[in-house]
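Each chain carries a letter (A, B, C and D) given by its place in the written order, and its residues are counted from 1.
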Amino acid sequence: MMQRLDTRRLTRSFTPLRWAAFAFVVLVILAATLAPWISPHDPLAQDIPRRFLPIGSPDHLLGTDEFGRDLLSRLLHGARVELVVALGASLVAAVLGITLGLLGGYFGRWVELLTMRTVEVILAFPPIVLALLIVTIYGSGQSTLIVIMGLLFIPAFARLTFGQTLGVRSAEYVEAARAFAAPTGVILARAILPNVSGALIAQFPITLANAILLGSGLSYLGLGITPPTPSWGGMVAAGQRFMPVDPTMLIISSIAVTLTVLSFGLLGDALRDWLDPKSRRRR
Amino acid sequence: MVSFLIRRIATAIVLAWVVLTLIFFAIHTVPGDPAYQLAGGDSGFTEEGLQQIRESLGLDRPLGEQYANYLLGVLGGDLGESFATGQPVAQSILRRLPATLQLIAAAAVLAIAAGIPFGAWAGRRRGMADALMTSVTSVALAVPVYVVGALAVLLFSVTWRLLPAGGLTPFAEDPMGFLRGLLLPAVTLSLAFSAVVARMTRTAVIETSDRDWVRTATSFGLTRRRVFNRYVLRNSMNPVVTVVGLEIGSFLGASVIIERVFNYPGISTLLIDGVSARDYPVVQGVVIVIAVLFILINLVVDILYGILDPRARIR
Amino acid sequence: MSDTHLLEISSLSVAFRIDGENVEVTHGVDLHVDEGEVVALVGESGSGKSVTAMSVTDLLPPNALRSGSIRFAGEELLTASEERIRKLRGDDVAMIFQEPMTALNPVYTIGTHLVEAIRCHRDITREAALAEATGLLEQVGLPEPAAMLGRYPHEISGGQRQRAMIAMAISARPRLLIADEPTTALDVTVQAGILDLLLRLRTELGMAILIITHDMGVVADVADRVVVMQHGLVVDRGTTDHIFYDSSQTYTRDLLEAVPDLSAVAMTRSGAVAATGEAPTLEVAGLRIEYRTGWRRAPFVAVDDVSFTVGDGELVGLVGESGSGKSTIGRAVLGLTPIQAGSARVVGTEIVGVRRQDLRLMRRTVSVVFQDPGSSLNPRVPIGRTITDPLRWNRIERDERVLRKTAEDLLESVKIPREWADRYPHELSGGQRQRVSIARAISTRPRFMVADEPTSALDVSVQASVLDLLQELQRSMGFSCLFISHDLAVVERIASRVIVLRKGEIVEQGTASDILRAPREPYTQALIAAVPVPDPRRQRVRRAERLAAAGRRS
Amino acid sequence: MDSLTYKFMLHDGLTYHDGTPLVADDVRAALLWYADPANSARSYPGVRFIKDIAIASDTEFTITLNSVNLSFLEYLADPSAFIVPQNQLSADVEATNGAGPFKLESWDEGVGLVLTKFDGFYGADDVTLDRIDVSFYSDATARVNALLSGDVDFIDYVPWESYDQLEASGFVVHGEVGVFQSAIFNVETGPFADPKLRLAVAYALNRENATAAAFFGHGTSLFGVPGSGPTGENLWEYNPERAKELLAEAGYANGGPKVHLLSNSTYVFLRDLALSVQADLEAVGFEVEFTSPDWPTFTEEAVAGKYDVTVQGNVGNVQDPAGWLPRLVQPRPEANKSFGYSNADLDAALAEALAAEDAGARQAALDRAYKLIGEDVPFATINQRMQAYAYTDRVSGFEVMLGFTQPYSVNNLINVTITG
């Protein structure tokens, strides 16, 4: 059903840098899925006497954290937690955001007012406050974080879809579909959505990147994923706290976060240039 | 233009009201009864001690009633008194609001001053410049804010002792000290923002330079520089202004972390302390102020958009 | 006249660097323009005519490579310095473009544009430039020039924008004006005005004009000499009369043959099908449609008190300029836009206040063909599936195997290979896409079809074949059709009755021959007089009559 | 005078910050206000023994107690029993007018405050500082950085991970072991109603690890009641095997009970302590579910007993265990004591110790109490943490008060001087 993807544009929008980003994303996903099998230690096993070991110590390739837990294992298991939360949040945001944008964009008038105002209410709330409230009510388990971040990223998807739908709504093939008595559902699903999906797909990795960043921000404020579950955000926050004692923790975890967020960002740019006809990249 | 303004302000008021109602009921359903915080100390909680506190704060009255007179209060500009200190919330917010506004204004100015030229340069040169700009901005967007803050403090304040590690000396007392105090937090906050502005400018410049009127201007015989400045950059400002408006909105959120790292006396810290002390009036007050701030900024952006793009004026 | 030509292009080839390799678009083009001469560069889309014009003052995109030679008044431009070319632009060689809507910067007023153009080559004060600008606007025939200075492009009409652009172009008294399809986007009456203006400026300023167009009527009307291009090559050249009457080139002959000519002589009715006398398929009475323009401002009346009928099996032409409301009526009768007053009975169903189920039932026997081949088909759906969608949506046929066969039959009936059913719209040409649209329209064996400018976006040769197809299908399937167009010649060819529309009101209606040969209303007469016919001799006579008539009226 | 009556003489010419004279009547009013439980004053446990206060003159009064309390004077000395003008003795008045060495100049809620020297203070001449700027740093790292970068000269509540860094950069880190942490239980419902399991926890706790994890080793392990001498201080030991036996005896031979360990996200060292306890409990077979809401929700859940075990800090306001222990074991619900715990003979033993005339009887009663605590484990102490201040070498004359009063060291900056 999808239009055969334009491979010539593919090569043009994927520069070597973006291929590297794509490779790194694959690496992270692999690490997350295979974590239980490939990590050398149990990420929760404490060994306090042998804590803050530097990189390259015998049994711990990347050293140990403030509880003597193996950093490499926590990094791998942490990848799983980060991805699950980021993916969950992005899916929630995508589904709700796209629906709001689609309905608002297509029907216009009071539906548009309703949907776009809800989006503005979410935007008007400072993200951290929203996070604070929900975490304090429901505790900061992974599912709560998915809900909060999902909520916070709705505006990004909603506004993008709204703009794209407005553009496509007046296209003649949509008018034709209405003239030939196509049910509204079919028009939305088959005529409008596929033609706006280009930009939306590109927005997904960018939201993943922002979700991981926000997750680490929340951990810094003590609202992130409840310890002792390993999460990159938690490790960066702890790393920042113990920086004078053992900078390696901060360095490793922030590199992991930065590289992953960077790769997702670059992937998003590449997808947008490849799929979204409007964003032509002139070499 | 006037009817456009009236409608815009009307929606803004409705929005503020919705935010106020949401935050009121949200904070009141949060577990952690404020009375416990106020009873405090290790002297133990007697039920009647707690009840007495609740009464003095009016928490025992039905929620609907509390909401009603809170709403009336807000309309009269009175945001109620803080549970913890008894000081009027409006007063403590007003005392700290300038600091937050100064921080955001400084960060916005820095971001625009750095973002727009960098983006325009990349959009115009394309090729290597474009690749460089995209990767630099991606990195700037990828690094967690407080890591940057922590490193900045480590280098500039602790090791080189050039700038204060935190806090903010009021402008009146010592302008130089104020600037030195503002520099680090503003630069850190503006880092990600300038990346967004740069990327937005680059895209806008690339898209605008394909437009027909640029070719018309060239056909007049104008110099390449003049065509770029007056016909490409000038028109790119419209989308950039919209993005700036949106980003400043999300700024208010990000400033919480900056205020924590630099111990900066803004309203966000007031908010965090308020929530962790279940100081309902403070939380509600700050959220409303932030929401109103966000709405005002959007209003300014819309007006600016109308000035920049005559087509928008008829709306 | 010096022996060297004002502009001499010899063996010019232009190539574009795309993804590393050079794609050559024009191959060894030779043409010249002499002082004060009007040369027409004509060809269909993709013939390379615009690229050639743009290469004169190097307005091509950065990835373009020019080879060969371009000499202006003897001076070689290809090797000239960037600064020399810049000085030449506007001062010696000026340009005007096709899309008036996007050719001017929306954020600047007309005055700012003019001052910019004037002060670009001469060092004079802003006030002096503004005074001169007012003079220029007057010279190009714009009403209240002083007020016009303060207006923004989106606040004035297409014709006015084009005149303003001409004023900018001539601000530095150029010796050559290159006009790239200056009137294609304009209505025929406005086009006539612009062409008159260009000819007048040619004589007043002694300015040579290189006009790029695909409309043979315009060529016949204004050109002294003609250069014909096809697929990047010059295939024919000569004086206008030679090209229209004596040329032996097959491509030129086919081009002239395909152009629908508003014949002065009575023509046998070749294809129009008269009504069969049963109840009319479409009855519209007192139709009124308004658009909301703002919160408290009065709504814009697009259609006011329109009444007409379309007989069973009849093809009625609805003609009017842009903004006349013809498309609005087309969409209204399909139930796509709300109707404020009046009534419209389509295939027996009253549209105004129709219940949802009745609207659905009505739409089973009504179909539509839109104008833009680029956006009338869903780009993400293969054409085989698109053309049978109406059957799916109206639950006429659910079995995919049957639908597949129907799709292939429909493709064949519109002369497109059956195997292409799985192709996507972007893999087809404009003409082929319109045929697919027509295939979709006839899939439900409709009793009534609305054709909203189905061929306006197509090249002349392709347009002719699509029109023939439409007529053939109408005759064989017997559906009645409301044919909306701005091109009188096209309407004359296939419509039995014609309705002329102006600013939402019917000016006059009647049989095609009455309206086109003996128009009663002055507006219709002016409309017909303004259409340039692809026959230089006749066109000179018509131009003289039109100007004389205009002289009497003004 | 004797164990029930105390006579006090006030310095003459004492005034409050706003100049109004401080008279014996103010003292009487303040102490009686604290003695009223409804006001839930911090010094209530100490002053509740007052029977009445007789005023002899403006500068002389005598207090008679209704029962003997050897540490009564300590309670009076506790800063929480400060004397303020009578008009400030109500819940909603800002009590900022005191009689101490410094008076409040300005106060910016959440940001900081400024104190200036009060010349009317009776010991004013040996107060060298004339102005103190106090600014609040909620983030520990920011606090340390402020000192390191020279923004401030003196910081309180130094995070344990920065001790070495500060000492290495030439700052004075000066602290005292004071507040003690212990695991407390919900004895009403859930597995820890059974004392055997509580005892098992007491044996399972690896105090060394806990101190290292939470306080970077800056603290001392506790195996019993702090400050209680040999008989009370080693009631338990780190013996995981014994803990496993106890678990088996309690019926959990193969796989311990599932318990809910409640901690908090605001005070990070308490959370780190809880994480270390979690590891110790899991090592001996407990199945631990860990939650860490923020402080307000934690306090509410702790008071309501919505946990099986949690880790909390405690500090008595007097040295004598008989003085502070009762509060820890009596039924009044509090966030930092075992939920629903009560033990009649323990209460009796403690009351006897408090009222005992001579040292011998007192010690015997205390020993009985310690034995009971050892078996019934109302709380399983973990460690006492070092609480430190850090300041530049330009600051001198600062004294850290001993033991439980350590957190109040900041309240007497009388003979502190700062040079340069």
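The criterion applied here is as follows: contacts are C-beta pairs under 8 Å (C-beta built on N, C-alpha and C of every residue); 3 or more make two chains touch, one makes a residue touch a chain.
What you are looking at is a predicted structure, and each value in this text was computed from that prediction instead of being measured.
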Considering only mean CA positions as chain centres, point out the chain farthest from chain D. C
Indicate the whole-number Å distance between the mean C-alpha point of chain C and the mean C-alpha point of chain D. 88
Would you mind pulling out the distance in Å between where the CA atoms of chain B average out and where those of chain C do? 50
Geometric centre distance via CA averages, chain C-chain A, whole Å: 47
Per the C-alpha centroid definition, the whole-Å distance linking chain B and chain D comes out as 40
Could you list the positions in chain D whose residues touch two or more of the other chains? 141, 266, 293-294, 296-297
Where chain B touches two or more other chains at once, by residue number: 30-32, 150, 154, 260, 272, 275
For chain C, which residues are shared contacts with two or more other chains? none
Touching pairs of chains, which are they? A-B, A-C, A-D, B-C, B-D
Chain B partner, complex, touching residues on chain C are 57, 59, 82, 86-91, 94-95, 97, 99, 102-107, 116-117, 120-121, 152, 154, 165, 168-169, 172, 294-296
Counting only contacts in the complex, chain A reaches chain B at residues 15, 17, 117, 120-121, 123-129, 132-133, 136-137, 209, 213, 216-217, 220-221, 236, 240, 243, 250, 254, 257-259, 261-262, 265-266, 269, 279-283
In the complex of these two chains, what residues of chain A are touching chain C? 1-4, 8, 11-12, 171-173, 175-183, 186, 190-191, 194-195, 282-283
Given the complex with chain C, which residues does chain B contribute to the contact? 3, 7, 211-213, 215-224, 230-231, 234-235, 238, 308-311, 314-315
Chain C residues touching chain A in their complex are 19, 62-63, 331, 334-336, 359-360, 363-364, 366-368, 370-372, 375-381, 389-390, 393-394, 424, 426, 437, 440, 444
